[in-house]
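Have a look at the structure below, then the notes.
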Amino acid sequence: MKQRALSVYAALALAFLYAPLLILIVFSFNGGRFTLWEGFSLRWYRAAMNDPQLAGGLVNSLIVAAGATVLSTAIGTFAAYGLWRKASRLLSGTLYLSLVTPEIVTGVSLLALFQWAFRFLHLQLGLYTVVIAHVAFSIAYVAIVISARLRNHDRALEEAAMDLGASEWHAFSRVTLPLLAPAIAAAGLLALVVSFDDYVITSLVAGVDSETLPMVIYAMARRGVSPVLNAVSALIVVAFGGIILVSQRLQER
Amino acid sequence: MRKWFLLPARVWMALFFACPLAIVCAYSFLTRGDYGGVEQPWTIESFTRLADPLYLAILWRSIWIAALSTALCALLGFPLALFISRSGRRKNLYLQLVLLPFWTSFLVRTYAWLFILRDTGLVNTVLTGLHLISRPLQLLYNDGAVLLGLVYNFLPFFVLPMYATLERLDPALLEAAADLGARPFATLWRVVIPISAPGFVAGSMLVFIPCLGAYLTPDLLGGGKSVMLGNLIQNQFTTARDWPFGSAASLVLMLASALILSGLMRSRVARELM
Amino acid sequence: MRESVLELRQVVKDFSGHRAVDHVCLTLERGGFYSLLGPSGCGKTTTLRMIGGFEQPSAGEILLNGVAVNGLKPWQRDVSTVFQSYALFPHLDALRNVEFGLRERGIEDRERRALRALELVQLSDKRDRRPAQLSGGEKQRVALARSLVLEPQLLLLDEPLAALDPGLRKQMRAELKAMQRKTGITFLFVTHDREEALSMSDKLAVMNQGRIEQFGTPQDVYLRPATPFVAGFLGAINWFGKAGVRPESTRVAREMPEGMPCLRAAVESSLFLGNCVHLNAALDGGGRAIAEIPRDSNHFQEGEIVWLHWTPSDEVRFEP
C-alpha cells in the first residue's frame, strides 16, 4: 500500500480526531453566544472564572483528585512491586477485571455497597465516597504503569543490596524506589487525570453537596449548550493534554 | 514481607470492588422494596423481566451499536495503524498524536459533538449559511449520533493494539511476498491482514466491551431516544429505584463482557499476542 | 585448631522435580582462593546462592566460621557476593555504590573507607561516574570494591569475568588473584572456564550434576583426576582402553617404539595452532586420539600410519 495514500488518509483521520476539540477551543473565544462568529472575546472565560458552581465543582474535583491520587499511587505501586516479587493470579486477575468492568456497573455496585453499609454506619454519601470509588478503579492503572517499568528492572540489584546488608525494606526503599521514581510520578499524573475526568461513577456515589467539576459540566451540557462550557472545555483540554505529555515524558526516562 | 506490599491493594479491592459486585449479584435475585432498596423474597423475576420485548430491544440496540462501532473503528483504525507502523523515525510521534485526544476529558469530547451537531450547532449553522438547507437537520438524539460519538472516543483503543501487532511485522515478509509475485494489494490481503489478526481481535475487544456498557455517550448524544444497557442500569438505580432489576441488567452486562473477554483470552490469537 | 571459614555439610537443594545440589560437602580454609568449576547446570551457582543466603538448602548445613547460618538472610551474613551482572546501583555514582554497605551498617567514616577501596581497584578517578558511564572492566572493579570494603569473611564471585572480552579477562584474572593475596579475604570463585579455575585457585572443586567429584589443587585435579568426568572436563584426554593420556603426553613416531605402551593409528588431519600442532588420528582398533607435538617436528601426511606412544606414569586410570 502506498505510503503516500496512507499519509493522506492519516492526515484526514487526525483531522477528524482533533477537529472537534479545536472547534471548541476556537469558539470559546467567540464573542457571540452561538456559532455565528462575532469577534474575538474572552467574555466566556471571565464568566467561567466567576461562576460559583464551576468554582465549587473545581474545588471538589481537586480535593477528590488529590486524595485519590495519593492513595491509589501508593497502593498501586506497592501492589505492582509485590506482584513483581511474587505473582498472585488472584490479585492480578482482580485488577485486570476492574479495568474491564463497565463503569456503570462499578458505579452502581459501589452505590449498593455504600447504601447497605450506611444502614449500620449512619453515614451519608459525600466527597469521601467519591475518593474511595476513585481509588478503587485507579489502582489498576497505577499498577500497569509501575509493572511495565519493573519488567525491565534487574532483580540482582535488590539481591546485591541485601548482600551488602540492606533489609528487604531497605533494598526496596533505597534501591528500587529511587529507580521507580519517574514511573511513580507518571502513574500519579495518570491517576490524577483519570480521577478528575470521571463522571459516571462519581455521579452515582457523590453526596448532595459534593458536586465535582464533571458533574457541573454534565448538568450544564444537559440543559443545552452554554458558551461558558466551551471556555471550560478548552481549559480542560489544554490542562489534561499538558499533564499527559509530562507523564509520557516521565515514563520514557 | 511481600505480603505486606500486597495487603493494601487486596483489602481495597476486596472491600470496594469484589464486595460491591457480590452485593449486586445478590440484589439481582431479590425483590424491589416499597421505598426503593431491596427485600425478600428471593426470585429470578428480575431476570425474566429482561426477556420483555422492551428490554430485549435495549439489549439488542446495545449489541448492534457496539458491534457497528467496533467494525467502524476497525475499518478506520487499521489504515491509520498501518501508516504509523511504516513511519520510521516518526512512529512514536504519530502514535502520541493519535492517543493525545484520548487523554483529554471524555466528557469534553462528547460535549464537543453536542456543540457541533445540535440544531444551532456548527454543522447546521454552516449549512444554513450556505443556503443548503432551510431548516436545521436533526443530527442529534438518534442512534447515528451515538455511533459517531462512540467511534470518535474509542478509535484510539483500536489503533494502539493494532499498531503494536503491525510494528512487529517483519518487513522481510513483505519483500518475500513481492519476490513470489504478489502485487501490493495482494500482499496486504494475503499477508499483512492475516498476520495482524491478533491486533484485530485485541482492538475489537478493547472497543466492543466499553461500547457495550456505554452510558455517557448515549445519554448526551442520544437523548432519551437511543437507550442502551448502561442507560437502563443507571435509570433503575436512580429514578426508577428498582435495584434488583438494575442489578440483573448489570449482571447480564458483566457476563456478556466477561464471556467475550475469556473467549479471547483462551483463543490462539491471544496467546500469539502475549 | 584453625576454624575453617566455610563448611558445607551434606547440602542438598531440590527444585520442583529435580535435585540441583546433591549432598555437597566442602571445607574452605581462611585466606585461600577457591573455585567451583563445572559445566552449566551442574549446581555451582545454586551452591553459591545458598552460601550467600538467596536460596535455602533443602537439607544439610552451611557453617560460616563454625556457626550454622542456614536460616540467616543475606543481610545477616558476613558474606559478600560479586554478581555476574555486577548489579551496580544505576542511580548512584561509583563512590556511593561502594559506600552502600557501609551506610547500611551505620559506619561513620564511610567515605574515607570507600575511597580507599576504590584506590585498591585503581578507580579513584572514576568515583563520580555513574555505572552507565563505566566500561565492563571498570564496573567489575567497582562491584569488587563494593564488596571488599565490608571486609567479609568470604567473598563469593559468580562468573564475574564471563561478560568481559578475552584479553581483558586474562588481565582481570591476575588482578583478582593479586587482590585476594593483598586483602587476605577468602575468595570462592564460580566458573565454567577450566583455564580460569586452574590458573587462579589454590584449590578447586569440580562439580557435575549437583555433586562435587573432586576437591584438590590444580595439579591434583589435572594430573590425578578422581573420576573420568573430571579428567575430561579439565582438558582433552585420549582414552587408550582403560588408560587416559593427555594429548601433550601423547608422542608420535613413524616406527614402533620399544619398551613403552603404544598403539598404531592413521593420521586424519593436522592442525597448526601456532604454538604447537594437533594431530588427529584414527586408532587401529577404533576410536580417535589427539597428539600435541611441537611445531618444528616432523610433518605427518594425511593417511600416514604412525605409532602413538606415552610413558606409563602419564596414564590416568580409574578402577572399574
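Order of writing sets the labels: A, B and C. Residues in every chain begin at 1.
Everything below uses one rule, namely that a residue touches a chain if its C-beta (ideal position, glycine included) is under 8 Å from a C-beta of that chain, and two chains touch if they have at least 3 such contacts.
These numbers come from a predicted model, not from an experiment.
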Pieces of the assembly without chain A, by contact: B | C
item: Furthest chain, CA centroid comparison against chain A; value: C
item: Distance-to-centre winner among chains (Cα means, whole assembly as reference); value: A
item: Between chain C and chain A, distance of the C-alpha-averaged centres to the nearest whole Å; value: 55
item: Geometric centre distance via CA averages, chain C-chain B, whole Å; value: 60
item: Inter-centroid spacing, chain B versus chain A (mean Cα positions, whole Å); value: 18
item: Sites on chain A at which at least two other chains make contact; value: 168
item: Sites on chain A touched by chain C in the complex; value: 154, 156-157, 159-168, 170, 174-175, 178-179
item: Residue ranges of chain B in contact with chain A within the complex; value: 1-3, 5-6, 8-10, 12-13, 16-21, 23-24, 27, 37, 76, 79-80, 82-84, 86, 94, 96-98, 100-101, 103-109, 111-116, 118, 120-122, 125-126, 152, 155-156, 184-185, 188, 209-210, 212-213, 215-216, 220, 230, 233-234, 237-238, 243, 246-247, 250, 253-254, 257-258, 261
item: Touching residues (chain side chain A, partner chain B) in the complex; value: 1-3, 6-7, 9-10, 13-14, 16-18, 20-21, 23-24, 27, 34-36, 74-76, 78-79, 81-83, 85-86, 88, 91, 94-95, 97-98, 100-113, 115-116, 132-133, 135-136, 139, 143, 168-169, 193, 196-197, 199-200, 204, 214, 217-218, 221-222, 225, 229-230, 233, 236-237, 240-241, 244-245, 248
item: Chain A contact footprint on chain C (complex, rising order); value: 52-54, 73-75, 79-81, 83-85, 87-91, 100-101, 104-105, 146-147, 150
